[in-house]
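One structure is given here, and the rest of the page talks about it.
As written, the chains take the letters A, B, C and D, and residue 1 is the first residue of each chain.
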Amino acid sequence: MTYLDERSEPSSASELLDLFYATRTQTEKLTAPLNDEDLGLQSMEDASPPKWHLAHTTWFFEEFILKPFLPGYQPKDNRFAVLFNSYYVQAGPRHTRSRRGLLSRPTVTEVLSYRAHVEDALRDGLSRGGFTLDPDRLDALVTLGCHHEMQHQELLITDLLHALSFNPLLPAYIPSQPGAVTAIREQDWTLHAGGLVEIGHDGDGFAYDCEGPRHKVWLEPYKLADRLVTNGDWIAFMNDGGYETQTLWLMEGWAVREKNGWDSPLYWWQQDGQWWTYTLQGPRPVDLSAPVVHVSFYEADAFARWSGRRLPTEAEWEAAAEATEIEGNFLENGTHIPQGRHASLWGDVWQWTSSAFSPYPGFSPPDGAIGEYNGKFMVNQMVLRGGSCATPKLQMRSSYRTFFYPQQRWQMLGLRLAADQ
Amino acid sequence: MTYLDERSEPSSASELLDLFYATRTQTEKLTAPLNDEDLGLQSMEDASPPKWHLAHTTWFFEEFILKPFLPGYQPKDNRFAVLFNSYYVQAGPRHTRSRRGLLSRPTVTEVLSYRAHVEDALRDGLSRGGFTLDPDRLDALVTLGCHHEMQHQELLITDLLHALSFNPLLPAYIPSQPGAVTAIREQDWTLHAGGLVEIGHDGDGFAYDCEGPRHKVWLEPYKLADRLVTNGDWIAFMNDGGYETQTLWLMEGWAVREKNGWDSPLYWWQQDGQWWTYTLQGPRPVDLSAPVVHVSFYEADAFARWSGRRLPTEAEWEAAAEATEIEGNFLENGTHIPQGRHASLWGDVWQWTSSAFSPYPGFSPPDGAIGEYNGKFMVNQMVLRGGSCATPKLQMRSSYRTFFYPQQRWQMLGLRLAADQ
Amino acid sequence: MTYLDERSEPSSASELLDLFYATRTQTEKLTAPLNDEDLGLQSMEDASPPKWHLAHTTWFFEEFILKPFLPGYQPKDNRFAVLFNSYYVQAGPRHTRSRRGLLSRPTVTEVLSYRAHVEDALRDGLSRGGFTLDPDRLDALVTLGCHHEMQHQELLITDLLHALSFNPLLPAYIPSQPGAVTAIREQDWTLHAGGLVEIGHDGDGFAYDCEGPRHKVWLEPYKLADRLVTNGDWIAFMNDGGYETQTLWLMEGWAVREKNGWDSPLYWWQQDGQWWTYTLQGPRPVDLSAPVVHVSFYEADAFARWSGRRLPTEAEWEAAAEATEIEGNFLENGTHIPQGRHASLWGDVWQWTSSAFSPYPGFSPPDGAIGEYNGKFMVNQMVLRGGSCATPKLQMRSSYRTFFYPQQRWQMLGLRLAADQ
Amino acid sequence: MTYLDERSEPSSASELLDLFYATRTQTEKLTAPLNDEDLGLQSMEDASPPKWHLAHTTWFFEEFILKPFLPGYQPKDNRFAVLFNSYYVQAGPRHTRSRRGLLSRPTVTEVLSYRAHVEDALRDGLSRGGFTLDPDRLDALVTLGCHHEMQHQELLITDLLHALSFNPLLPAYIPSQPGAVTAIREQDWTLHAGGLVEIGHDGDGFAYDCEGPRHKVWLEPYKLADRLVTNGDWIAFMNDGGYETQTLWLMEGWAVREKNGWDSPLYWWQQDGQWWTYTLQGPRPVDLSAPVVHVSFYEADAFARWSGRRLPTEAEWEAAAEATEIEGNFLENGTHIPQGRHASLWGDVWQWTSSAFSPYPGFSPPDGAIGEYNGKFMVNQMVLRGGSCATPKLQMRSSYRTFFYPQQRWQMLGLRLAADQ
């Protein structure tokens, strides 16, 4: 069962509106510290300006809910259908992705007004029962729109970090806060018996299509590190020649490393013999006890090989996480920096797995444009698990799969080691 | 004699300040219609955001006049020395050119305050005679700074057009004005005897280093068209297969055309059987009587070959223009669109010549960073003459040489035909 | 157990020499129809000249067996160690891959003499027991060298096809033979129960490291097509707009398709309303009953989606194939063209699976340069199964995994459909 | 008057055949030391395989003389018209330039047989007066064909050097000869009065179209160095930081230098504290007294700036050379290495000028495909003068202009300094 099927326990309209407004408010809270120029920044094709995120998340509600299911709905501006479609072929033409940063018009004010227009229409439609759609499916779609917007909250934060990182003034998005005084903790292991387990979403509550169907997987006994790999661990790897030892790397990873001149995680530099990093709180010395972040799959894989361990598979991670409590450093904490204070399997940084992003047995995407949400990305990407300091906590569940290309680093990406027993 | 030598008749301090403030005010007048996001737009490496032009023209006065010659001058922000240096190696390191559009900080307000800071310091220094420099050379440097800023007024306008052109909303920078009702005029010829002529700046008044030394050139008798090539002419070329006939093109031009899929000037498209173009007044039908603009050297050269004529050399153009009055459509007219109302050799669009941008006999650039102004560009570029609707009229003189790469189109570039007698 | 572990039943020295000479002879038989210039052709970085394959397969025996384990061995030419190393970092520096086609020296004669030199040394060493290595491990290494050379026989054939395909004369490598008169056969299904199965090499006989360890996998009930997808099927897909329907494609696949202008399999063109293809027998009309070949993973995946079916996983394929007889169209048949005459799961064309090339649970590569054989490629590639008309039959076993990038097409790559029951 | 006009003193048929056979024999003499694989090497798009030069020079006679003007002529193979056309659009389609190295067929033997076929037809036609063309124009065309082939002799040699340079075995094309024992000679100057001079071909004897019309040019008094810049001079430049001092370079030159990592001329490397270079005689220590070769225009220009001098214009060079005897190190000497033994303005290495390759006043190319010979290259290239050790002496005359892109280095390119008086 996915978000498009009927819900066993649909939310009430008021619960739904609570979720909706909480999500919308949170997005605008994230953009509040930014000026108009910041809101227009796009530093690479993979990233989008904050203003575009504000608009696209609005477009999603308009395109998939208001236009098809709310008779009489008048779009704010018909041209936004093209400007703010991301990649949904079945939703029509799209503005060129690499040129999102050139959209100085509509202005920020106009985009905020677009947000209000769509919010009003949705609230109105809900309160007067105006939608031509079963309540269950309406609920599923609005919930999807909210989760979609949560995903963009994370992108907004990480895209912004990337864009600001090119400014030699190294501006701080939020004021610098005192660093954690976390003691450096030795890594230990938790043991897992494996066997014939089940993973994947079980149909209770919201999930993306790619999280199902729930299915059986055989696992040999394994163990997982009880904490994330830290900056201290990473510096040991660097000092041991990790970035110069080709035999530690996948062939492709080595080529990418050479081409880009990688010798440390993204946003790191050395200054007076110390490693510094650029964060949303501005430049800071690297905190040895905090989880390493902004490393690619290639680097994570090389680190694991160097350590004599390996990355977990996504099934190993999920089987271990399923019964645990979701607590950790998520977006709501508002530090926007990994800290390493929680001993759980969750939060701080996404954890690279050794699993390619593939369809689960029996997977088929829903019909229509919504079916493009995840399915068409199932090649050449690797799965990450666990969420990060930029992920809304509400999004987290053990079956959640995010995925990135093995060379990407601008998200909050780190790792946790695994090993055979 | 160049702008760095002593002037025969130096301006008075008050004349100099008049020029200075007139120039500075004009720049800000150009940015007045723009919002903060517009001011940050950079659409390609060749172009810069309007805000950057505001700051860089200020940096020029600070770096070349205030810092070295005004004791006690306190820079607004030492980091601006790097952020707003364009290409002057001898003036120290430079922010990466392609990333000027990522400088959301300093903000627009801060840049305007930087402008005021430098203006105040210059006025102060001048009024109290605080500069450690001969008045003649000070005059020459301030005049250079003003002409430099005038060049950036032109770039600001044309860079902005380029940036806005990627916005599917096709925004207008200034309100649309009724089109010219110019009658289409047949082209005729003016005859020129040639012989042993002199070209180049004669030392009277301001000129850039590359305009001198004045020197002898032998010219065979020639003739020049009495008007620019028009959009009507260009459509005839297009309709005759000009863009599909390889033999009309230089080999490199053809390759560039193919790679970029050129089939008309930049910013043109067809709509309901008519050609339209995007301008700073928004989208408009192509005016057949107006000069064609936004064509590369390759296209101009192919057109000339198709017409059975040729482009003039820069010496031919200058020898003909030297005795004529400078009147035409320049920046001050404020239309920002070529119109073709003037019969002179001047204005509306820059005119491609067949001359590569090379040093004149005896040329040597001045010492120091200022010597990088023109000299280091003397390869692979072609000279254009005559100024355009984006050029301040004050910049114009018969010896003025501008230069662009043969594939560039985003400036106000057009052509006038020539022929042997 | 892999090829580097002791063999339970090692071959006798004479059996080993038989395998060795059979392999070596077969390689030279493949190059016999070629002239010296053909032998030097390299048409892309992924492919190598036939001469280079002749030399590199020789280098493999020299570098991994003769140099370390045969005291007194004198290399033919010390410089060959660099020239003919492919990608083994631990075996020292390597000649740039994209420049293998520029090695006109050593000449063909010198390379053949290098082959003889190494063959003589190996035979000598074996016959006089001169190796400083356990017989079991020696046997494993020589066997590996032979299988390595068999892999290069396949590459030699397919690289050659690629190189010759750029020649407008469309030369035939071998004389054209009459096409198969195979009737077009409807596709049917074979049913497989799935459950908790085991896949991977069981340690009996030769296998590559990446084929093990043998391990448990849970499979839901599934079915496999009883024949490969044919050219006739493919043309139906093309005629139904398969190459123009974006929703059938993975996002990345669509981008690759667009960039490369794919509208049919590699080596196909249309002529007088009929599809033709270039083969090692020269140009031929496309045979509707033969298996489609030279399609990328992206195309295979789009075809499967269009057909309403899917690609099998590698575990599904292996579980079904394990008990079947290996019969089909392999290299030894000498046609070098897929024919579709066999009803088995084997031969004709490699079959794309939906499985990314990942390490099996518990996999770790052997130490040393040999460990680079497969392990460092385990990212971004997809597994294929079953062998092709260019694969030596001796290489085939149900656990054999080959792997290519999803955009690659120059190998003999096709597909067989699968479906859930 | 160009090569296509009637000759004032046409050659006799036997003189013409002497020239023809002398040229053809010389080409084959150049390929004699090469094996079949060498003959197929193409190392970059700018260069062609020796075999292709053998065929293309033959195609030129076939396409421009035999096919149009010899009734009954039967081409050897109609497909060669496409394979061996270089860039003549009006002569029909062309095989892709970058894939000339993939033409293993036709074989070397077939190409030599093609040469003989065309030679026989031409001799036959001439001896029996079979051409439907005025003797004068026939003479002009055959002479052009011979000069065309001489140009390709030079390319053949330099393309070969480039191709072999990628072979780590550093093979010698011809046996190494003892180096020159030339004393290092101080540079002195020759003075030239300038004034209103004439340059360009005067119509007497063969010349390419771009060498005319003869025309007036005004020159200020100037001086030319009495020898070429030597390797010793160049090393002084290098040791003085020439390659690291950005202010010596044109902006574009510096970018090219950085991108390619240039720190010395092409084919140079350092070994045990000494500079070595790769030549057609194999690797050799750099000879300090010999002219520097394989430097780009950007490097030559930077060197001239460093030396406080400049490059000559092509008019200065030609005016000085017109009255001098043509003696120097040309192709016929057979060393294929610059030596610096001659004091003349000629030979050893081509001399970069500061002149862009532009049409002379009144230039118009001949009609038809032959008109594509030079005219379509007149942009972004720089003129060189004087010929080199790879240029047939017969080609040399004071009006001869060769031209290359400012970044190209694989030809025999060097420089001679000039200065104002």
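Operating definition for what follows: a contact is a pair of C-beta atoms (placed from the backbone, for glycine too) under 8 Å apart; a residue touches a chain by one contact, two chains touch by 3 or more.
Treat the numbers as computed from the prediction; the structure is a model and nothing was measured.
Looking at chain A and chain C, not one chain touches each of them.
Using mean Cα coordinates as chain centres, the one most removed from chain C is B. One inter-chain figure worth recording: chain C and chain D are separated by 46 Å, centre to centre, where each centre is the mean of the chain's CA atoms.
Centroids built from CA atoms put chain D at 59 Å from chain A.
Distance between chain centres (mean CA atoms), chain B to chain D: 38 Å. Contacts between chains close into a ring here, every chain touching precisely two others. By the document's touch criterion, interfaces exist between A-B, A-C, B-D, C-D. Interface residues of chain B, counted against chain A in their complex, comprise 35-41, 43, 51, 79, 82-83, 95-96, 99, 101-108, 163-164, 166-169, 171. Listed in rising order, the residues of chain C touching chain A in the complex are 87, 89-90, 196, 215-220, 246-247, 249-253, 297-298, 301, 354-356, 358-359, 361-362, 372, 376-380, 382, 406, 420.
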